[in-house]
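Common to both upcoming complexes is subunit A, partnered first by subunit B, then by subunit C.
== the complex of A and B ==
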C-alpha cells in the first residue's frame, strides 16, 4: 500500500493531463473526422496566453483565471479561422487535413519562435498551486491536483453542453448523420465551425493549465500531441467517455510501467498497448454501432 | 518490317528510353558537379528513395504513413552499426560505450558485423517490422486516420527508445564519425563518387520496380484496395495482404535510403528520424504528386535543393515556406505537379495540334 497509493495518484495525474490534451481533439475528430495536427500548437497558444497575462497582471491567481478564459478564446478563434479558411473545403478528404494542419503547426511554431524567442519562458503559478498539499498523510503537488480537477470540470462542462443544450443536440445529430441533420434544418456548416471553436478552445485551456507544470516554448505542444492522438484512437470516435477511460487507463499504465523501468520504455509500452488493444477493438473502446462496412 | 513513328516508338519503349536518359544523367552529374554538391545530391537521393516508397504506399495504396522515419532509421542504424564495428575492429567497443563502462558490444550489434548480413539487414529489418506491424493493423481493418496516427506514434516511440537506451544506441548524439565504408576510405573523393553512383542506381532501380508494380496486376490490386476496399473483399481478395505488400516495399525502400544516408552524411541520430522529419519526408511526394511515378522523386529533389539553398540563409522564412507548401499544395493542388499533367494535352487540343486521347483524371480518394 505504501508504494501503491502514490503511484496510483501519479497515474491519475498523468491521465488527467492526457485527458485535457485529448479532449478537444476527440471532439473535433469525432465530429468531423478532422485530425488536427495543429492541436498541440493551439495548446501552445494557450500557454503563451498564460505567459502574457502573467506579465501584465500582477496578482498570479487573477492572472491564471484571466488566462483560462482568454486562452480558451484565443485558441478557439485560431481553430475557427483554420476551419473557415482551410478545413471547410476539405470535408470530403479527411486524411489530407492531417497534412494541412501539420503545415499550420509548422507555421504557428515558427511564429511563436519569432515573437517570443527560442528560449523557454515561464508563467508563474499562484503560490497556492506551487506548495504541496497534504491529504491523508500523503503530500501532493497542488498544481497537479488543480489540473486533475480542471480536467474533470472540462469533461463535465462539455458533457453538459452536448447533452443538455440545443447546440449539443445539433452537434450530436451532425456527427451521427450529417445528411439527415442537414435536411432537418440544422446548418451543419455552422455546427462544424462551433464544434471546432469549442475543441480548439479546450486545447487553449489545456495549454494554460499545463503551463503550470512545464516551461513554455515553441515546441510546447509537440510534447503532448502524439499521446493525445493515441488516446483518441484507443478511446474511439465520437464519445467522450471513450476518451476519459482511455486517458486514465493509459496514464495509470504508463506510471506503472515507468516506475520499474524507464520513461522511454513506458512510452514504447503505451504504444504497444494501444496496438494490441486495437486487435480486439479496431474501432476503439467506444464506437457507435452502424451498418457501415467500414 | 513495319516502321514506327517517333510517337509510337516513344510509347512502346518508354521505360527503356527513360532508363537510358536517366543513366545518361547519372553519369553526367559527376562531370559537371563538385564533390561537395555531389554529396548533397546523394543525400537528396536518399530522401528520394523514401519518397518513392511513400508514393507507392500512400499514392497508390492510400496508406498515409507518417512514420517512414522508423524504417529510414532502422536501415540507417543497421548500416551505422556495421560501419562502426568495421572502424573499431574486433573485440573493441565504440567510445560512447566505453564511457558507460561497457566492454563488449551487445548482441544486436554483433549480428551486423558480418557485411553480408548488414547489407541484407538494411532492407530486411525494416521490411519485416513493416510486415509484422501491417499484419497486425491492416488485418484488423485499422485504416485511414487511425493508421496514420499509429505510424506517427510508432516513430515517436522509436525515437524516445533510441534516446533512452543511449548506452547502446549513442542516444541523442546518434552514431557518427565514420572512417570507412566496406573497407573504402570515406574521405577519398573517388569513393564519394562511388557512393553517389550507388545512390543513383538504387534510386533508378526503385523507380523501375515501382513502374513495374504499377503496370502489373498487383498494381491494380493496390489501387483497387485504395478506392474500393469492400468491393475487393467481395471479389475474394484479402485487402490486408495487398496493403502489407505495398507497405513493406515502401519500408524497405526507406530502409535502403536510410542505410545510404549514413555514409553520405556521416551521422544518424534520433533527430533525423523523429516525428517532424518523418512528416517532412512526405513533402516531396506532396509537391511532386502522390499518384505519379516520377513525382515523388522530382518533388523531393526540388524541396531538398530548396532547403539547402534557403534554410541556412533564411531559417525562419524557410520554415514558413515549408508550412505553406503543405497548406497550399494539399488544400488547393492536392495532386501536386501531377495536377498539371492534363495541361499539355488540353493546350494541344485547343490549338488543334496532334491527336490526343481523353485525359485520364486520377481520382484522389482518401
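== the complex of A and C ==
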C-alpha cells in the first residue's frame, strides 16, 4: 500500500529522535552507571538555548548553527556542575543519584519557568527546514531529515571519540574496571567529569534539534526522558551499538503499530515490547562479556 | 561494590524507573481524577444545609467570588479570565455598582486541580458568603464544582465553551454550547463543499464528545469521516497521524487538540506539504493567545470556530479591547474565554437588577430573557437551560496573529446543550439522557 514507504520513513525519523535523546544517556548511564533523571532538563536547556539564539540572531540558519554549539556547551556545563557538586559524592550509590537527579530535574524545571515563563515559546526554524522535501513523489519533513542526519553524525562522532582517542580509551577503561584504570594512572575522577560533560552536552544538541519539531516549555524534557531510558536499557547498558539498534527498532515498531491502531496504543505497545524483551534478555540487546566476578 | 555490579543494578533500576514512570504518567492521572471527583462529591454531601442565606445584603457592598487557577498548568489561560472578570467588576463599580452596592471580589486559586476548585467554591459560598461565583475552565473543574453549587443552592457563572450535555439549575454557562461552536463550524465546512473530514484531538473528554457530535452531523448531512485520531495529552509525535491524514483523502480537518500538541501537529502538517487552501484545519481551541504560542507561521490561514474575536467590528468590542489593553498591557490580546467571562459578570448584574434582589432563587427566576450588548454582539439568557444566545463566527488566522471573521451565523443562535432540536443528533441526546 501507498503508506508503506512514508511510514518506514516516519519510523526511521522517530528512531533518530529516540537515538538523539538516548545518546547522551548511554554515556552517563551506560558508561558511568549514573541514573540521571535530569537528562531531559539538559535537553530543555538546549532547546531554550535555541530559543535565545533565535531571538538574538536574525538569520535563522546561523542561529541554529550557533545554538547547536552553544547548546552543547550550556548543557554540558550544567552536567559538569551536577557531577562536580553532587554526583561525585555518591558514586556507586545509584539509588541516591536517582533521587538527587530527580530533585535537580524539578529545580531546573522551576528555574526555566521563572526565567522564561510558563507559556511555551518556540525557536523559529530556517525556512528550508520547515518546508517539505520531495522524494519519490512523497513529501517529507526537511526538519526531520536534518534530525536524522544529525543523529547519525553525533553517533559517528561519539563512536570516533570512544574508539580512536586516548580520552575514549580512558572512558572505556574506567567504565570496564575503575580500580584497574586508577592503578594504571588514569584519573578516573577527571574522566568521569569529562564523560558527564559529553553526555550532557549531547543532550543539549538533542534539545536544540528537537526544538525544530515542537514548542519549548519547562517540561520539554519530560516527553523524552522515559523513552530515552527505555532505549538505553533495551539496547544494553553501555553499548552504543545497542542504543542505535534499539532506537530504530522501537521507532519503526511504533510507527508500524500506530498505523492500524492509534497513537496511544502505539506508545503503550513500545513499553510492552521492551518489558517482555527484558524478561528474556535482562542484559539488553548487546552486552559485553566481562571477567568481573560481580 | 564493583563498577559492573553498579552498572547492573543501574540497569535494573533504570528499567524499573521507566515502567514506573509510564505507569504513573497514565494511571496516576486517572487515579487523581477519581479522587478529585470523590472529594468534590464529599465536599458537596456534607454541606447539605442551605448556606446561601448567609449572604449579607445589609451593607453598601456585595461580595462575589472568583475561582480561577492562578497556579499550576492552567494558570496561563485562567489568569486571563481572572483579569477580564476583575475588569468587568471595576467597570460596574465605577458606575455605581449593582442595586446601589459596590461589588467586593474574593479571589480564590483553583490551582488547576478539580478537587481544589470544589473546596474553594465551598469556601466562597459557606465562609465568604458570596452572592455568586465566577470561574472554572476545564470541564473537570466544572464537574467537580457542580455538586457543591447544587447542594448549597448557589450560583456559578462558567465562561468556557464546552462539550454540552449538561444544564445545572445552579450554573449559568456563558460560553458556547456545542450547537453554537461545533455545529456552525460543520455548517461552514458543508457550505464550502467539504465532504471528507479527518478528526484529530487530544485523548480526553472534550475532543471525544465533540467528535461524537461531528460524526452524527456528518452522517446526517452527507459528509464522511475518513479518519479519527486521538493522541495522549502532551504528545508531540504526529508523523503517523499526518501520514494517515494525507492518505485518507480528507478535504478538511477538525482539530480539538489541546495546548502544546498543536505546535507539533501544525509543524508536521506544514512540513508534509499540506496547505490551508487545499486541506484546511478548523480548530476548536486555538484563540488569539494560542496563536502566538504556536507560532503564527504554523497556523496562518487556518480556520477557527469561536463566538468572539478581538477583531470584531462593533463599538462595544472596540471599547472592551481598548480598556483591556490600557489596564493590562498593549501586547495582551483579547479572546473568546475572556470576553465570555467579562460578559457573565454583566449578565449576573442584569439578572440581579431585574430580580431587584441578590437571592439565588429570585435571580434564577429573573434570568430568562436578560440581555447584554457584549463585545461579541447582543447576548440573551435562556432561562430554560441557563446557556446564552450567542452569535457564531468562523475566523481565519492572519499574519498579524489575530483572527478575522470569514463567516457568521444569522444572528444569535438559541443554545441547545443536548442538541435536541437537530434530527441528526437524535441518537446522541437519547444516549446521554438515558445515562
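Throughout what follows, the second predicted complex is superposed on the first by the 289 of 294 C-alpha atoms of A that agree within 3 Å, B and C clash if a C-alpha of one lies under 4 Å from a C-alpha of the other, contacts with A are read in each partner's own complex, and residues count from 1 in each chain.
In this text, a contact is a pair of C-beta atoms (placed from the backbone, for glycine too) under 8 Å apart; a residue touches a chain by one contact, two chains touch by 3 or more.
As the structure is a computational prediction, the values presented were derived from the model and not from experiment.
Visitor: After superposition on the shared chain, which partner residues are touched by A:124: those of subunit B (first), subunit C (second), both, or neither?
Guide: Only subunit C is touched by A:124; subunit B is not.
Visitor: Should A:139 be classified as contacting the first partner (subunit B), the second (subunit C), both, or neither?
Guide: second
Visitor: In the overlaid three-chain picture, which partner chain does A:215 touch, first (subunit B) or second (subunit C), both, or neither?
Guide: Touch partner of A:215: subunit C, not subunit B.
Visitor: Pick one for A:114: touches subunit B only (first), subunit C only (second), both, or neither.
Guide: Only subunit B; A:114 stays clear of subunit C.
Visitor: Is A:96 in contact with subunit B, with subunit C, with both, or with neither (first, second, both, neither)?
Guide: first
Visitor: Scan A:279 for contacts with subunit B and subunit C and give back first, second, both or neither.
Guide: Once the two structures are laid over each other on A, A:279 reaches subunit B alone.
Visitor: Could you say whether A:262 touches subunit B, subunit C, both of them, or neither, answering first, second, both or neither?
Guide: both
Visitor: Where does A:226 make contact in the superposed view: on subunit B (first), on subunit C (second), on both, or on neither?
Guide: The answer is both, since A:226 touches subunit B and subunit C.
Visitor: Name the contact category of A:6: first (subunit B only), second (subunit C only), both, or neither.
Guide: second
Visitor: Report the partner of subunit A that touches more of its residues: subunit B or subunit C.
Guide: More residues of subunit A are touched by C.
Visitor: Mind sorting out which residues of subunit A both subunit B and subunit C touch, each in its own complex?
Guide: In subunit A, residues 29, 33, 35, 94-95, 98, 226, 229-230, 232-233, 262-264, 267, 271, 274-275, 278, 282, 293-294 are touched by subunit B and also by subunit C.
Visitor: Tell me, which parts of subunit B touch subunit A in their complex?
Guide: 64, 66, 133, 136-137, 140-146, 148-150, 152-154, 156-158, 160-161, 163-165, 229-230, 275-276, 279, 282, 286, 316, 319-320, 322-327, 330-331, 334, 364-366
Visitor: With touch defined as at the start, can you tell me which subunit A residues reach subunit B in the complex?
Guide: 29, 33, 35, 86, 89-90, 93-96, 98-100, 102-107, 109-110, 113-114, 222, 226-227, 229-230, 232-233, 262-265, 267-268, 270-271, 274-275, 278-279, 282, 293-294
Visitor: For the complex, give me every residue of subunit C touching subunit A.
Guide: 1-15, 17-19, 21-22, 25, 73, 75-76, 203, 229-232, 234-237, 239-241, 243-244, 246-247, 259-260, 263-264, 267-268, 270-273, 293-295, 297
Visitor: Can you name the residues of subunit A that touch subunit C in the complex?
Guide: 2-3, 6-7, 10, 13-14, 17, 29-30, 33-35, 37, 92, 94-95, 98, 118-122, 124, 130-132, 134, 139-144, 175-179, 212-215, 217, 219, 223, 225-226, 229-230, 232-233, 237-238, 254-255, 258-259, 262-264, 266-267, 271, 274-275, 278, 282-284, 290, 292-294
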